[in-house]
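This report refers to the structure that appears directly beneath it.
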Amino acid sequence: MARPVVELRGCTREYGALRAVDALDLAVLEGEFLSLLGPSGCGKTTTLNLIAGFVEPTAGRILIDGEDVTGRPPHLRGLGVVFQSYALFPHLTVFENVAFGLRERRVPAGAIAQRVKEALALVRLEGRERQRPAQLSGGMQQRVALARALVYRPRVLLLDEPLAALDKRLREEMRDELRAIQRAVGITTVFVTHDQAEALGLSDRIAVMQGGRIEQLGVPREIYERPATRFVADFIGASTMLRGRAASGELVTVTGGVALRVAVGRVLKVGAEVELAIRPERVRLATAPGDNVVEAEIDALVYQGAQTELTAKLADGQRVRVFVTEPAPIPLAPGQRVRLHLPADAFMVIG
Amino acid sequence: MRLRLAVLLLLAFMTLPTVVVIAVSFNPTAILSFPPAGFSWRWYVNVLTYPQFQRAAWNSLVVTGGAVLLALPIGTLAALALERARLRGRALWAAALLSPLVVPGVAAGLGFLILAAALGLLRSRIVLVVAHVALVLPFVVRSVWVSVRNLDPALERAAASLGASPRRIFFRVTLPLLRPGLFAALLFAVVVSVNEFVVSLFISNRVTEILPVAMFNYVVNYTDPTIAALSSLFIAATFLVIWLADRFLDLGRVFLQH
Amino acid sequence: MKLLLLPAIAVLAVFAAALTALFRWSLLEFIPGSLVPGGYTLDNFRAVLAPQYLHAVRDTVILAALTTVLTLLASYPVAYALARTPSRAVRSTLLVLTLAPFFTGAIVRTYAWVLVLGNTVMTWPIPMLFTERGVLVGLVHFSMPTMILILAAALSHIDPAYERAAASLGARPARVFWRVTLPLSMPGIVSGGLIVFAWTLSAFPTPELLGGGKVKMIANVVKDLGLDSFNWPGSAAFAMLALALTLALLAAAGRFTGSRPA
């Protein structure tokens, strides 16, 4: 049974009138890879800084392994941090950078050399001990930063958007490596990112944050397929939002008189206002009218290689986004009338 | 924290002399004592009525006024040229314009003295003004250059596209936008010129000497608190000027950027 | 556009003419009792090396070196506070207190020390006024604003992420300073040190008023020879010496700030 390694209880951090983190409760479980995901200003980096001890909460407590560390300075928390800018000491060699934490812990020189070697091997950067950070590429610097944070076997690894500075291909490469290393070492990890693809691909659990609060905490599949709030539905993946009123336990009338059957294991309250979201990749082009098939007119087409992103207008003006896998089953053009099938089990009921 | 204590002690060291000077200036008797034995304005009165100080103050006004009036336009034009003209060896030109900062005061002072003697200008204030322009120019150029660098050329092009002639553009667009740099330049120029001592010592005589030189000559000969009073006036004026400058300019940005 | 430089060039030309005159006269023969010089000679520079003047040069170098070291030690904490304080009010206060002496003028500042060191505030156990100790105090006080600004600029360019990284790796604040902050501020220390050293070599009002005739630095010799003895050639030679030393040191400082690690 996984137990919490890091706990935040009711943590609030204020900067004057601004509340960067608002009464946050979070428990990070042993060995898990937890991502804090959200847009700029949502409080994810502040949360990380609270765990690391770089800022103090204005209210609340922080516990590591059940011990209250609120107020304890960063150098006494036994954590490993990888910064967005890597913060590799420019005046020290790669070896000295990685050895830094070991030296602070008075590890004997012989052991230092051995452990630095192991750490560099773990991140696949052997042989560069004598070089300076300025001589390394971005990807290599990132690995050194990782080695430096891991070499002294900290309790928790904290990563602040470490892949943000890399180009797309390198980012994907490093993403896989990062996950592999984390699994190999088994270290509890908190990962801050604004990139949802990254979070979905790397994490055991994701905490989606906004306005200093956690909107939803869960495994990636749950976050994606059953977003709890409109914000999460909007932020993760693309969605079409449809507003309507429940006509029965499973029928929703959207404006325009069209009735959609919703089969997601929930009984709707009759007469209640309902917000439905559906992912573009679940909407299908239909050939004949039928259950949950709506008529629409193509408004815009964006060719994207593997798929075409289609925006179609319903009778009442609401727009539906559809991903059509190329090659498309029928030729598509702006202004064309099409039929769209919205499968009953593909809906996400918001709220 | 130990750092805070150290900083406070050092700040005390830095400000102690100022405090002592101001305190001594109010001493009723001619003895320099601290803390003062009473309170009296007499030394301030002495300062304001002493003929040599009055003459020196007038000289300071004339010399600094003349130097600033000349240095501001000359320096502004130079700053514009440095930033925008196609120059080979721009760094060298910049170094040349800033070079008077680097020359020791005694060397410049003696040099100007010799030059003035050769030109027969020893008794005139012209040498003083010219020397001050040269000494103040680097400050003006540097201050205005910062502003010029931050000036978006697109604004002047926009004015041109709207039909303004180069002259109009300069006075209606460029100069107003350079205001922060010009203000800083004016500030530096005045303060540097008013306080300039070493060079002025060499090239002035009793008739033409400016305030700092007059003060120096007084201190060497007399030991009453008159100079403390005059110094206090200087200090008060300086604090006022700096406080104003910080309010309008955010000195942190001016000084902590290289 | 380039023509806009002309007025400034004219001013510089006058300045250059003054320095040329200085250079020329350092090579002319001094005729005692007259302001008219003789022919070209190197005697003035030989006189610089004469014992009574050589020790002024030596004293100047020693005082400048001591001043630089003490100024560095005294300025670093203030510069650190100035660069790192999050509060704008504190930063403004520190900046005003640092800059004020800068703008108050040499005579005022030096006179203030004449008062403090001259038994006005307290009777010193050992004499301070008119001694090298006193001049040293005055020189350090004089140089602190410059050093503080240079160090503060260097420190403010150090990314705080480095200090946080060091802390996260287990270094307590004193260790963070020794292992990270201090080394990264070294270029500022060197260039600040060289600049203060160069300026102190040519210091005049401080030794003149606080030295009371007993402490002579190079600048005082220049004034004595030039304005008191009317030995313009001899004075010019010393002035050229001061100029040469200053230029050499500032050239060294320039090379250092040019090659700063990013």
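Structural remarks
As written, the chains take the letters A, B and C, and residue 1 is the first residue of each chain.
Here is the rule we use: a contact is a pair of C-beta atoms (placed from the backbone, for glycine too) under 8 Å apart; a residue touches a chain by one contact, two chains touch by 3 or more.
The shown structure was predicted, so the numbers you read here are calculated from the model rather than taken from an experiment.
Across the two candidate interfaces, B-C and A-C, the one carrying more C-beta contacts is B-C.
Farthest chain from subunit B, judged by C-alpha centroids: A.
Centre to centre, using the average C-alpha position, subunit A and subunit C are separated by 56 Å.
Taking each chain's centre as the average of its CA atoms, subunit B and subunit C sit 18 Å apart. Listed in rising order, the residues of subunit A touching subunit C in the complex are 52-54, 73-81, 83, 85, 87-91, 100-101, 104-105, 134, 148-149, 152.
By the touch rule above, subunit C contacts subunit A in their complex via residues 159, 161-162, 164-173, 175-176, 179-180, 183-184, 261-262.
Interface of subunit B with subunit C (complex): residues 3-4, 6-7, 10-11, 13-18, 20-21, 24, 32-34, 73-75, 77-78, 80-82, 84-87, 93, 96-97, 99-100, 102-108, 110-115, 117-118, 130-131, 133-134, 137, 141, 191, 194-195, 197-198, 201-202, 212, 215-216, 219-220, 227-228, 231, 234-235, 238-239, 241-243, 246, 251-252, 255-258. Those residues of subunit C that touch subunit B in the shared complex are 1-5, 7-8, 11-12, 14-15, 17-22, 25, 35, 74-75, 77-78, 80-83, 88, 91-92, 94-101, 103-109, 111-116, 118, 120-121, 141, 144, 149, 152-153, 156-157, 201-202, 204-205, 209, 218-219, 222-223, 226-227, 232, 235-236, 239-240, 242-243, 246-247, 250.
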